[in-house]
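Two complexes come next, and they have one chain in common, chain A, joined by chain B in the first and chain C in the second.
Up next, the complex of A and B:
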């Protein structure tokens, strides 16, 4: 089982802010990894670096045995924290459009996920609430069978029902041991049972890292309480 | 397949050009054609102005379409797809080129029909001449889209002073092309065949009066061979387009 992600001494600076400082992280394939940290801790920057949207000032990034580039994105599903979908498209149109770019698109999953996430495919994305639009973004990632799924704060700003539906869909479509999921979030309660590994990140550096079960055992607390203690 | 999907997406995104602006534009042009016998210069001038308006409107619409992707964050979705920068840009430019060709054709055709109806084809405006001018218009206009968007893409690679950087790059492009590249290109491409516009009124009948032979010869566009200039412009646009594509992939963080 090789590495899905390998970051060595990565530094990314924005004007006046060090988003990531000498950051190193290696993740094994076939795991669900929770990237936990408060707002501004560097989670989104890390996701963008993995996708190759931005380049680090220093360090090396290896994703699925290659460097981040536009073509490696065929093996990665990325759900942005931002509202990135075209509001003028219907759900059907965005599904058809996106499916043309990926060989791992599973057409059969579409109807199952539409039902599971309670999404109406003939409606325009612009008419949906934020929670519904998040469901559509997650759906686009889950209709595929990529080697790596990057979910950037999919639970942020959405209601409990949407959160539960997204979590349910994640669990039902996850290909155990074949897929790796990196889930960046600061909302841990609902997501906690999903994680195999946890990486706590603060001010661009790893604060604490380990297997979820080991951390629970070591601290005799659940992940939410460990999070509170780490970031108090 | 990837390019086709992007192209169709752009076509839908720009549907306002075809669904709303196009019918209005055609109605206006038809109005000019039906009224020019009563309001000749007004109709003629307005249809000429349309040719200029289309030039700038479509070019700015092309770059606005790209800038809007960044503003609305849809760029993150677009760039998360396994496509290269040239796929994205070419799809955008292809759709805007179609708009440019269709709209400018109608505008030129209207001017031609008014002129022909009023003064007759053989006087100073010929159908072949109009087609030639239209082709030059396209040859200048379509590459302008690649060039206009370059300062915006360049500025997106920087975290600060983006507007300042875009303005600076635009000035450098302008001065660099007209002061250095164009004279150089004119020399390099001097081997290209002669192509000038010469419109002669000699021997024609203008408003009922026959023109004496060799009365007037107007070299309308330039007395020099203009093909080297066009070739330089085209080559410049191709180089800028390559730059657009490379920088688009580099500066996606906008």
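Up next, the complex of A and C:
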């Protein structure tokens, strides 16, 4: 099936901090991967490197068999941690506006996702809670059919209902065998059954990596409890 | 059939395998009947489809499920196989049960009477 991501000895430094240190990670295609680690562990840096928004000082990055570039970026849906929707637009306007930018936009998925995420398309973004805005941002990624979906901490600071809806929508629209998802989070809980593979990162390095089920068996614990043990 | 998963009870694919085996030996999933696709099952129980695929693959390896190319996955038509599985599950229970009653120091006879009484009451 090949690799969706292959990072070799990647180092990314910011003044005064090593965001990633000699970081190597290979991920098979067609999996849903949980990238777990506390705030400041390097999750966002990793996502930006994959997108090619920033460059590493050292190491090699291969994404979907190429070096991160605008062509490859078209095959990726990236939900950043930033809350970037225009407040004066309605959901409908945002869908129409955003769909113009993507060749893999699936018009037919719009109504399904509006329903799954319980979003009213005639409402203005400015009237929404943070949880609702997160639902809209996730919807914009899921209306496409990218080879890779990157979600940077979509569960952070959102209400439980939004969280459950996002999780449900991810699973229901997931293209089994075709799509890869990397979801960064520091709150696992109910999201646990979503993941095939877990990568624990801390201080820019991998602490532990494995199939979620293998880890559960090995440690006789759920992933949340393994997380607490790894990062204690 | 309801498949409930407990994330704190070990590997999810093993739990799915266990629930499906029970459904088959109980007869809820009938011999030769087509089973839900990996994707539909994954959505139904709220787990990753690769986890369901792993459970199905293992059950195929054990002979409880059979996949037919291009048609989907089916419960085995081998009634003997299902009977064997039922006996295996029963033996596992008996073993666990035997250990538990030994721990509380109750004889098999007394426990059997109690068991019969409870089962009758629940009927």
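Everything that follows uses one rule, which is that the second predicted complex is superposed on the first by the 232 of 232 C-alpha atoms of A that agree within 3 Å, B and C clash if a C-alpha of one lies under 4 Å from a C-alpha of the other, contacts with A are read in each partner's own complex, and residues count from 1 in each chain.
By definition in this document, a contact is a pair of C-beta atoms (placed from the backbone, for glycine too) under 8 Å apart; a residue touches a chain by one contact, two chains touch by 3 or more.
Quick caveat, the model's predicted, so the values are computed rather than measured.
**Student:** Could you tell me whether chain B and chain C fit or clash when both sit on chain A in the superposition?
**Tutor:** By the criteria stated at the top, chain C and chain B fit after superposition, with no clash.
**Student:** Angle at the Cα centre of chain A spanned by the Cα centres of chain C and chain B: state it in steps of 10 degrees.
**Tutor:** Reported to the nearest 10, the angle reads 160 degrees.
**Student:** Output check: A:83 vs chain B and chain C. Expected answer is one of first, second, both, neither. What do you get?
**Tutor:** first
**Student:** Should A:44 be classified as contacting the first partner (chain B), the second (chain C), both, or neither?
**Tutor:** In the superposition, A:44 contacts neither chain B nor chain C.
**Student:** Once the structures are superposed on A, label A:97 by its partner contacts, choosing first (chain B), second (chain C), both or neither.
**Tutor:** first
**Student:** A:134 in the overlay: touching chain B, chain C, both, or neither? Say first, second, both or neither.
**Tutor:** A:134 sits against neither chain B nor chain C.
**Student:** Touching A:194 in the superposition: chain B (first), chain C (second), both, neither?
**Tutor:** second
**Student:** With both complexes overlaid on chain A, does A:180 touch chain B (first), chain C (second), both or neither?
**Tutor:** So A:180 meets neither chain B nor chain C here.
**Student:** A:32 in the overlay: touching chain B, chain C, both, or neither? Say first, second, both or neither.
**Tutor:** Once the two structures are laid over each other on A, A:32 reaches chain C alone.
**Student:** Please provide the least distance in Å between a C-alpha atom of chain B and a C-alpha atom of chain C in the combined superposition.
**Tutor:** So the smallest C-alpha to C-alpha spacing between these two chains is 27 Å.
**Student:** Name, in rising order, each residue of chain A that touches chain B in their complex.
**Tutor:** Its residues touching chain B are 14-15, 48, 51, 53-55, 70-74, 78, 80, 82-86, 88-89, 93, 97-98, 100-102.
**Student:** What does chain A use to touch chain C in their complex?
**Tutor:** 30-32, 167-168, 171-172, 174, 176, 192-196, 212-214, 216-217, 220-225
**Student:** Show which residues of chain C lie in contact with chain A when the two form their complex.
**Tutor:** Checking each residue of chain C against chain A gives 5, 7-8, 10-14, 38-39, 42-43, 45-51, 54.
**Student:** How about chain B: which of its residues touch chain A in the complex?
**Tutor:** 1-2, 4-5, 9, 12-13, 73-77, 79-85, 159-160, 249-250, 252-253
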